[in-house]
Amino acid sequence: MKKTVQNLQVISHRRLNSDHVVLELKSDEKLDGILPGQFANILVDGSQKVFLRRPFSIYLVDYNCNTISVLIKAIGDGTRILSDQSIGNQLSVIFPLGNGFILPATPTKVLLVGGGVGIAALMILAKMLKENGHQVVILLGAKRIVDLVELEEFAKYGTVYTTTEDGTHGTKGYVTDHSLFREECSSFGKIYTCGPEPMMKAVARLALIHHVNCEVSLENTMACGYGVCLCCITETIDGHRCVCTDGPVFDIKRLKWQI
Amino acid sequence: MADLNIDIAGLKLKNPVLTASGTFGYGTEFEDFYDINTLGAFVVKGTTLHARQGNSYPRMAETPSGMLNAVGLQNGGIRYFVDHIYPKLLRFDTNILVNVSGSTVEEYIACAEQIDDLEHITGIELNISCPNVKEGGMAFGTSCPAAEAVVKSVRKVYRKHMMVKLSPNVTDITEIARVVENQGADSISLINTLLAMAIHAESRKPVLSTVTGGLSGPAVKPIALRMVWQVYNSVKIPIVGMGGIMNATDAIEFFLAGASAIQVGTANFIDPLATQHIISGIDDYLERHKFHSINEIIGELQL
Amino acid sequence: MADLNIDIAGLKLKNPVLTASGTFGYGTEFEDFYDINTLGAFVVKGTTLHARQGNSYPRMAETPSGMLNAVGLQNGGIRYFVDHIYPKLLRFDTNILVNVSGSTVEEYIACAEQIDDLEHITGIELNISCPNVKEGGMAFGTSCPAAEAVVKSVRKVYRKHMMVKLSPNVTDITEIARVVENQGADSISLINTLLAMAIHAESRKPVLSTVTGGLSGPAVKPIALRMVWQVYNSVKIPIVGMGGIMNATDAIEFFLAGASAIQVGTANFIDPLATQHIISGIDDYLERHKFHSINEIIGELQL
Amino acid sequence: MKKTVQNLQVISHRRLNSDHVVLELKSDEKLDGILPGQFANILVDGSQKVFLRRPFSIYLVDYNCNTISVLIKAIGDGTRILSDQSIGNQLSVIFPLGNGFILPATPTKVLLVGGGVGIAALMILAKMLKENGHQVVILLGAKRIVDLVELEEFAKYGTVYTTTEDGTHGTKGYVTDHSLFREECSSFGKIYTCGPEPMMKAVARLALIHHVNCEVSLENTMACGYGVCLCCITETIDGHRCVCTDGPVFDIKRLKWQI
């Protein structure tokens, strides 16, 4: 789909816990072809403290209702104001932005590793992978059980495993401490990961060791979101590349990560 | 529909709305959003003789009603521009200016010479005001002799429209403006960004990799307006105003202060359609106040 | 409770929070709101040798995240201050600085001489940076020889703490800072307001009677921070930072950039209790980060 | 009452017409001694377009409930946002500010002349005048009938006359075209007026001609509202004086009006 600026209407507001909400935003126009991993840049209108738009992964798309959903974790002024939107409000949204994950060409067993709010980029991916006949395994990590959200939704699209740092759900430890990596890492045709950078680097390291293809979805501070300000660069083997247009999804082999 | 045509020292624009360098890529990025031929002109990203990687990440900080950037003129260099970008610009039917920077006078000259050969480029915007590079850049725009040297030299090799973009980081902007006028600039654009800084209190670190960066957005508008007005009262060549223009009302303020045209920068990030709203808003204003042409309000501040 | 005491070249403050001249009247106006003895110091309004009516109305314009003022040093003159205001200040038990302005070096000297006799006034803040007066004012702060002349002369007659307040409207603030240091200033405060302008598009008139005015508030914070950091790296005398400080986080940023104390200006208008929240917020920050004293963070920006 | 900064809660929101509302704001503390003509400076929190507080006359005070009311006409961003406040919201308010009208020492027949939103300063004045045994005549002017608000409320405290420019209510014309000025102007012991400056000047001229004492309540652009910024000056016979502390109420003899 071509990128557009639209006023989308908040048509549902689902609070997952004290700081996570899912907003469903409706367009007046027909949506088509949004790729998993693409994002939306949302204007926090009229707030004194928030000048620039805020980027969010597209969490789900409903082509029948022409809606996109975003999962928002409130961490600062912008995300807090967006989390408090009422149904009926209009939000100015630029979407879809970025490149998106690449799906395997043939039926494949794939692993999705999400941490924190990075799971937002993985839901639509899990759904599309399943729809395309791939075998999906999902590993979600969090600090504590309360930070694990949407497990049931993920379970619709694959087998879900979890880790928590305090052991209150699933395996105790980081995602990379999970037995999946020790016991069946090489059995995956591809690993997709999104979450805090240290987590993604740890996953990328294991993927490299086990010779598994791996794509990561990066975060970055963005001014425009569509490739004109050159503020959101990351170091790649081809030099500085914009996360908003060349990414947010990168094959780990392109990144100059010290891993 | 009022008459929005404006002639800037021979540069004929269908309307006085341009986009600012570094905020509009090469124009192509906006094609999904609107027909960019509706613009009076657009200014492509800062171009240098040699390819530049730009500064390290992070390059951006949000500030009250504004932002800092420290991009540092990331670009493929003039050869890359000529070979790979220019061909894509041929399909546009509006004025295109190339923003030119350099670390030495020689670099400016070499770059301008190559642009002089490009038929489809209507002019250059000589950037003597970039605060985000270690050498040259802003230094040329904050000292009269340096400004004189670069403008004079480029004038010798560049025959089409030469707009010179001034730095606001000076004690007296009119001094530099007069030097630039005397050395043959066709027009003056201002302001570039203000040298500024952001600190992250919790981590006790600067937000930008370069410590300081350039401030843009509505926060700087009152400073930009003052400088446009001062320069308007000091030189005879036309002025292209910018700094924090978000909507048509802001644009009108710049015309009244003396700008013959305006550039839209940071606003593109907030609203990719900003220029389109500004163009129609200017028309509305002129009609509402019964002016026939944009020319009737330029410099018409009622003192 | 962390140790907030700070010694600014002999000026001992119970905490590093001051109020900025022109935004705090003579202190008495705040007594309904809080006990102003809680402040490290306060700076009274700009005082001149002769009484000044100030500029005509309108003197104020709201701008994005800031405001313009064109008050123009309205005050009763130093004699009026000595006879009518000073007696009322005797009851305060904190440091009081008088902000001094003049149109000529002689006026500065005459004014400073009279303040030197006032026991209860701890120091002066020499304002060489007011953008809102026709003569003198900012001119002294934007040229090195002029700054040198006024600071040198006042130093001869004024024996207590002499803080010199710099103008941000300069190409290189470190140049002026070094001159001021060399001429015997005890400390440097910055920034005063940035020369700026607002236009009312509908009426096509300037908003201010004086056309231009001084910009203050959060909009200027990134510029102020940059200048404090530059000056910190150029002089040895202590720096008092200001420009858009609204809360404790902003204040911390200035300390990290190199300010030994800060002044709160425009924020007083938005929240008369701003200084109180800032003092307790600084304490919270220090405790949270396990610092014992404010001295541990001054200039401690991690590069 | 000493001036304070308080968070007041919106406890009622009464819409008078498309652009006028009355907000009632409750304090946790006991209110005392607010003078008619004093004002409140209200923070429009968090809006990108409104940096400074906005001043509003204190419309009414309820000492039992510890509330003050303000009548707001939406003309720009600040007044629009304040007009849209919901019940329960907190507003930061500095009050009471300014000097207030001076009530006659002995029972007197007085005239109150209000135009536009200037009527807001006159309600509490009318009430206190009546409570103090004065005979109150109220003349309210507007462009059209829809702009005349709160007539019934005013009628509680005195006889109400109106003028409208288009003649849709009361006498056609300006307030100064009303027969009160021709026929009984000298019968008033004092005239109080608040409204657009041209109106107040016309009223002041007639008051001078008929040798009637007259106080006017001025508007002005304010940064602080309590006398420290010196932005809100007006020319008086004593030089520049701050409208926020020396006013907003001035005896017309102190003003340097060309009338």
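Read from first to last, the chains carry the letters A, B, C and D; within each, the first residue is number 1.
As a convention for this text, a residue touches a chain if its C-beta (ideal position, glycine included) is under 8 Å from a C-beta of that chain, and two chains touch if they have at least 3 such contacts.
Computed from a prediction, not measured in an experiment: that's the story for all the values here.
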Item to check | Path length in the contact graph (chain A to chain C, fewest steps) | outcome: 2
Checklist entry - Counting only C-beta pairs in contact, which pair of chains has the most of them? => result B-C
Checklist entry - Quick one: which chain's Cα centre is the longest way from chain C's? => result A
Checklist entry - Between chain B and chain D, what is the gap in Å from one C-alpha centre to the other? => result 48
Next on the checklist: Measuring centre to centre with CA averages, how many angstrom lie between chain B and chain C?
Outcome noted: 34
Next on the checklist: What's the distance between the Cα centroids of chain A and chain D, rounded to whole Å?
Outcome noted: 55
Next on the checklist: As a quick test, compute the distance in whole Å between the mean CA positions of chain C and chain D.
Outcome noted: 36
Item to check | Per-residue multi-chain contacts in chain D, two or more chains | outcome: 48-49, 51
Next on the checklist: Where in chain B do residues touch two or more of the other chains?
Outcome noted: 61, 63-66, 217
Item to check | Pairwise touch network: line, ring, star, complete, or other | outcome: ring
Checklist outcome for this item: Full set of chain pairs in contact is A-B, A-D, B-C, C-D
Checklist outcome for this item: So, in the complex, the side of chain D touching chain A is made of residues 46-49, 51
Checklist entry - Of all residues in chain B, which touch chain C in the complex? => result 61, 63-66, 68, 142-143, 169-172, 194-199, 201, 203-206, 211-212, 215, 217-223, 225-226, 229, 244, 249, 252-253, 256-257, 285, 297, 300-303
Checklist entry - Given the complex with chain C, which residues does chain D contribute to the contact? => result 2-5, 43, 48-53, 92, 94, 220-235, 239-240
Next on the checklist: Which residues of chain B touch chain A once you look at their complex with the stated criterion?
Outcome noted: 22-25, 29-30, 32-33, 45, 53-54, 57-67, 69, 71, 74, 217, 266, 268-273
